[in-house]
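Have a look at the structure below before the remarks.
Residue numbering begins at 1 within each chain, and the chains themselves are lettered A, B, C and D in the order written.
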Amino acid sequence: MSTRTIIDVSELPHHEFDTYDPVWWGNNFLLAIETSMFAILIATYFYLRQNFTLWPPPVAQLTDTLRPLPELGYGTANTILLVLSCIPMVLTDRAARRGDRHFSQIGLVIAIACGVAALVLRSFEYAAVYFRWDSNAYGSVVWFLLGMHMLHLLVLTTECVLVAIWIFTREFDMKHRVDIVTVALYWYWVVGIWLLIYAIVYFTPRFG
Amino acid sequence: MIKLTTTSRRILQCLLALCFSSCSGIQNSINPAGPQADSLSRLWWLMFIVCSIVFVLVMVALLLALRKRTPHSDVTPVLEPPADQERRKRNVVISAVTITVIILFVFLIASFSAGRSMTAELANKNGLSIELNGHQWWWEVKYQDVDASNIFTTANEIHIPVGVPVTFSLRAADVIHSFWVPNLSGKKDLIPGKINTIWLQADKPGVYRGQCAEYCGLQHAKMALWVVAEPQEQFNAWRQNQTQTSMPPLSDSQKRGQQVFLSSTCVMCHAVNGTPAGSNIGPNLTHVASRNMIGAATMTNTREHLAQWIRDSQSVKPGNRMPQHNFNEADLQSLLDYLQNLK
Amino acid sequence: MSDERAKQPPEISTSTISDEELAEVMEREKGELERTWARPRGLHGWLIDTDHKAIALRYIVTAFVFFVLGGIEAALMRIQLARPENHFLSPDKYNQIFTVHGTTMMFLFAVPIMTAFGIYFLPLMIGARDVAFPRLNLYGYYVYLIGGILLYAGFLLNTGPDAGWFAYVPLSGPAYSPGKRVDIWAQMITFTEISALVGAVIVIGTTFKMRAPGMTLNRLPLFVWAQLVTAFMVIFAMPAVMLASSFLASDRLIDTHFFNPAEGGDAILYQHLFWFFGHPEVYIIFIPALGFISPIIITFTRRKIFGHLALVLSLISTGFIGFGLWVHHMFATPIPQMGQSFFTGASMMIAIPSGVQIFCWIATLWGGKLNFKTPLLFVLGFFAIFILGGLTGVMLASVPLDLQIHDTFFVVAHLHYVLIGGSVFPLFGAFYYWFPKWTGRMLSEWAGRLNFWLMFIGFNLVFFPMHQLGLHGMPRRVYTYLPETGWGMLNLIASIGAFILAAGVLVFIVNAVWALRVGAVAGDDPWAAESLEWAVSSPPPHYNFHNIPVVHGRYPLWQAPEDAPVVRGLSTTKRETLVTSVLDAQPELRFEIPGPSIWPLMVALATGVTFIVGIFTPWAFLVGAILAGGALTAWFFGDPNYENRPGHDTEEKSETVVPPGELQPKEV
Amino acid sequence: MFSRLLLCALLCLFVGSCKREQRQFSQPPSAFKSYDVTMSDIHPGTPGTQQPTQNPSDQRAFDANEGKRLFTQYNCSGCHFNGGGGIGPPLMDAIWIYGDQPENIYSTIVEGRPNGMPSFRQKIPDSQVQQLVAYVRSMSGQLRKDVMPSRNDTMNARRSEQRTERKTPQQSTAPPY
């Protein structure tokens, strides 16, 4: 009688961090989509810039300055906040990996706080841009850049809240530890993209 | 085998149709009447012939591949086909790809040289320069000249002298249009907020039809124009006439016609130089009677058509910007008298 | 992948088992497995079903319905153009019809149906039990459906978009397209984009992580390669059009100035954004079709494909070059000479990979044991038509020649030769090839031949004359033409051909309906084909594979040894599938796949409300965000398998209810 | 349930779009009256034919948009500017001297008004006057939101009609200046 080998996989884990988990891949490709979206949006920013002799366009009634440059205050504050917020996130990431429930709870709460603060600061940033979205093409594209990033901040914070609720109320299982690691990755991405946008929106008009 | 006949049918049909088409047509890209169109049609024929040969060869190869039939009983999959056979195939494929690359290179060179010939030598000659402005759905033609008295505006009919390069600067008043006179050259877009340029030159006298080639809304289909290429002296005479102000009305009927024109809707959109009518929303009618067509080359410029156009242009060209007018018969007739006098 | 190497490969024990025992155990497990994977009862169950096969078939049917609708619109246009100065359609209606025709065929038919084939066959071809993210998959389908319904609801209510399928500004902009017509177009784009992107992520995730042991990248079927390349193209191309349509919508609805030259905007910007997507789009439609051709040729020549590696490489390079030639749609705009030359070069270069594939396929056909079944017939039709379309494509790549034939009927002919020849013919071949797998019944062979010849002859009658029409100076998108242009005869021929083509499609529909009722029973593998989907029953069981197979070569069924090892130990009470490593497909996880859920539908509805009501008031975005947020929360907190716990009633009732304890394969 | 929602969506769409998207290019010749062209711009108090209160163009996005085009084309903007007023009274505010109803505006355009508003009888055909009436009312947000025009492709003078909130009309007998 013919026999065949059995590869018994019943011992395999259900979840594992990073490249093991399809969720990790899914998340990364969603980020890839958003990255190419921002790349094209930034390309648009520079494309439209070609149509202006001065960028941002000068405003007649402004007396003190020729060009209404976006004010640095809130944007810079937001940048600093976001960069700092990576620290609790890294710690949460580590904690989730080694299975430290308590620590990752604290980390997530801090992260959520940072997220909310960043959202508040962002809502002031629009005012820091002299133009409205319907004033001219410059206003439109800058508002769009800030808006798209704000959307990601919002989604990110909501995601953190959901994960937090879970690990506070339900079990701290492998599945959701993987989720935390994934959220952390998303967080780093949002911050990274923001550094780029910050440099472009606030500084390219100043230098060059 | 049926495939072979269909293929050959297509080739045959294609050749016939093209040979036929290449010897007629006032709006035909392979019936060139100028240097650009000429180099283009030569490029076209080169590509067409080479591509046809390639197509036939590939089809033959395909058919030869199909000729060998095997009994359906023999279905054992071949995972290790004879090595020498595979090697022969590989060489064939590689050489086929090489040939493809070579052909593409030839095309690339040919296309560059054609492109060069279209712009280069005309760019530095100085000839006539015309500003073409696209409106929904008609063409405003401004003849530029160093001598201000020679600057004049007309619509939908461009006269050019034979053998003289003409520079068009293309603008759009509303949406994107595209200026295309196949017998003379390729097309260029008229884009709001941008200025595009194209050179034309007609070598044979004749009438060539052009048409908007970028979808521009309701009446994209009926936004055409005529290019009339004529000998220099004829052109000069025409230009001489166009620079004049409009013919004064002679008969009473014409006088009344002018009154009707000036005191009804017409005056709101149309200009007739030498009269109070100076609006440039619609075509300039100073010399409307001298044109061959009306309604952006939609109808021949006869009295009946003119009447129909004035009364109810919407039935001819639904959606165009000319409203309907219900003048009573007398007014209409005198208006027609007046307009037909605007030579 | 680096830290994957770093980690210890997980523990995998191996043992042996006799075929009889194996069969016995499987018999015992069957009922349990059936119940775990079965679709919940009733309409509710149908709405929440996440089985990739069910979803894919819905995609295919929906897309085919849109194909027929688009075809009807095409027929109406051909009637209008049959003779000069025809008054069958008003210009207003005609413009709506050709816009909706283009939009339907591109966004509602071609892209979704190609994705659908991937969703159906990827798991079956790579030996997985479902796709990576089944609920996301369901969501993608519903969003697509909403988009399609939106477009046609608008069309029927005289609100059909009328600015052409690429809606150039300023014509489509706020000043020249009053009303809501173009807004509906823009939002429809958003919907189809979302579903396409979701589909791409699913395809990549599934292909990377869910391949059966032994199916290394090197052994990946060409069908899967094609889907993979397409998915990557979608990821990088679609965001461009998503931005283009959102810019357009915001210009129209909230007065932004992206495309308003007077305020620093730019009409050309839109064209760049659109074609940066629009050209890859052509390949997004065409490359999956190439993936259909290879398996069909392999099966009906009974031999391994010639130049597997060359084919894979040319697929990939097509994917790359496809992004380098969008400007050849804009040669008539003021573009610097340098740029034009570059894009000419790129546009011609793309002919090389296509050539390589054609040659490899012909080399495979050469001396193969040919079996002229309908699928192969359609593939041969593909050769004839697509090659012609490809050659005219080379002509269009040349800047000067393009200036003559751009935006004329020559282009219409070219794009239909490439898309119908390149996609629809292989697609119909694929219908005939895989219909038995979907339904368990064969389509009629002679009806298939009739179908093919009607379509082939009809197609050439419609579109071949259009080449001449273009050269004779007939621009595209004209609702009528004057008699003196002399375009009447060729247009009449085209219109006649249109109805022959339509007859061909009709034959297919009749054939399909007939086969569903009384078609010959197919069995598991009617074509004696090589890829894994033919190893399972037709139609496949909900769980696809009882034991995940182990792959031994590029042609799994042709190369399977007698005593091929089998993978055991996946739970029969939970929806589990095997997750393997990206490169060499080593088993890594027992991944628990989420089961049916109502929330994807709810989130899709929330998305729908957001964007459709958003046409009328910006508040919709706030409301929609809240709705979607709520639904997503429920999605997140819902038990991934709440429908599949043992005892939960499903349509399957199995007699052999054995306590789960005995079912653990360890005890075997 | 899904299908029911769908039905509702369809109904909403239908209610909105039944009139909105209509593009009527030509009335049957019977619809517009034949008239003798009078040869002077002075029309001794012959009252213009009153239009029905319901102006069909008020329902049609296309007509409102055409009105917007004609507003600049016929140089209404010459006096009223972009509705802000200047030589002529502003049109984007809530104050109406001669009434805010379509027929008032119609006769304002056709008959003209004291202090500089010329009469456009015979100069502008009825259909176009109706379109102008629709547009003039849209400037102060009197039309349905989904009918009013969106921003134009020129310099950004003010927010588009569809984004101006509806003003409640107040009669004013005060002469403009």
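One rule holds for everything that comes next: a residue touches a chain if its C-beta (ideal position, glycine included) is under 8 Å from a C-beta of that chain, and two chains touch if they have at least 3 such contacts.
Just so you know, these numbers come straight off a predicted model, no measurement behind them.
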Steps in the shortest chain-to-chain touch route ending at chain C and beginning at chain A: 1
Result of counting contacting C-beta pairs for A-D and B-D, higher pair: B-D
Distance between chain centroids, defined by C-alpha means - chain B, chain D (Å): 38
Centre distance in Å when chain A and chain B are each reduced to the mean of their C-alpha atoms: 51
Centroid spacing, where centroids are CA-atom means, of chain C and chain D in whole angstrom: 48
Where chain B touches two or more other chains, by residue: 192, 318-319
Contacts with two or more other chains, residues of chain C listed in rising order: 92, 170, 175-176, 254-255, 257, 260-263, 266
Where chain D touches two or more other chains at once, by residue number: 23, 151, 153, 156, 159
Inter-chain touch pairs (all): A-C, A-D, B-C, B-D, C-D
Residue numbers on chain C that touch chain A, as the complex places them: 1, 3-4, 7, 10-20, 22, 132-133, 136, 197, 200-202, 204-206, 208-210, 213, 235-236, 238-240, 242-243, 247, 250, 254-258, 260-261, 263-266, 269, 272-273, 276, 550, 562-570, 578-579, 581-582, 587-592, 629, 632-633, 636-637, 664-666, 668
Touch list for chain A against partner chain D, complex: 134-136
Touch list for chain B against partner chain C, complex: 3, 6-7, 10, 13-14, 17-18, 21, 24-25, 27-30, 37, 39-40, 43-44, 47-48, 51, 54-55, 58-59, 61-62, 64-66, 68-70, 72, 74-79, 81, 85-86, 89-90, 92-93, 96-97, 100-101, 104, 107-108, 110-112, 114-115, 118, 136, 174-176, 178, 180, 182, 185-189, 191-197, 209, 211-222, 298, 318-319
Chain C - residues contacting chain B, complex: 90-92, 95, 163-164, 168, 170-171, 175-176, 261-262, 266-268, 302-304, 306-307, 310, 332-334, 337, 340-341, 344-345, 348-349, 351-352, 355-356, 358-360, 362-363, 365-371, 380, 383-384, 387-388, 391-392, 394-395, 397-408, 456-457, 460, 464-465, 467-468, 471-473, 475-482, 485-486, 490, 528, 530, 553, 555, 558-559
Chain C-touching residues of chain D, taken from the complex the two chains share: 2, 5-6, 9-10, 13-14, 16-18, 20-23, 61-62, 64-65, 145-146, 149-156, 159-160, 162-163
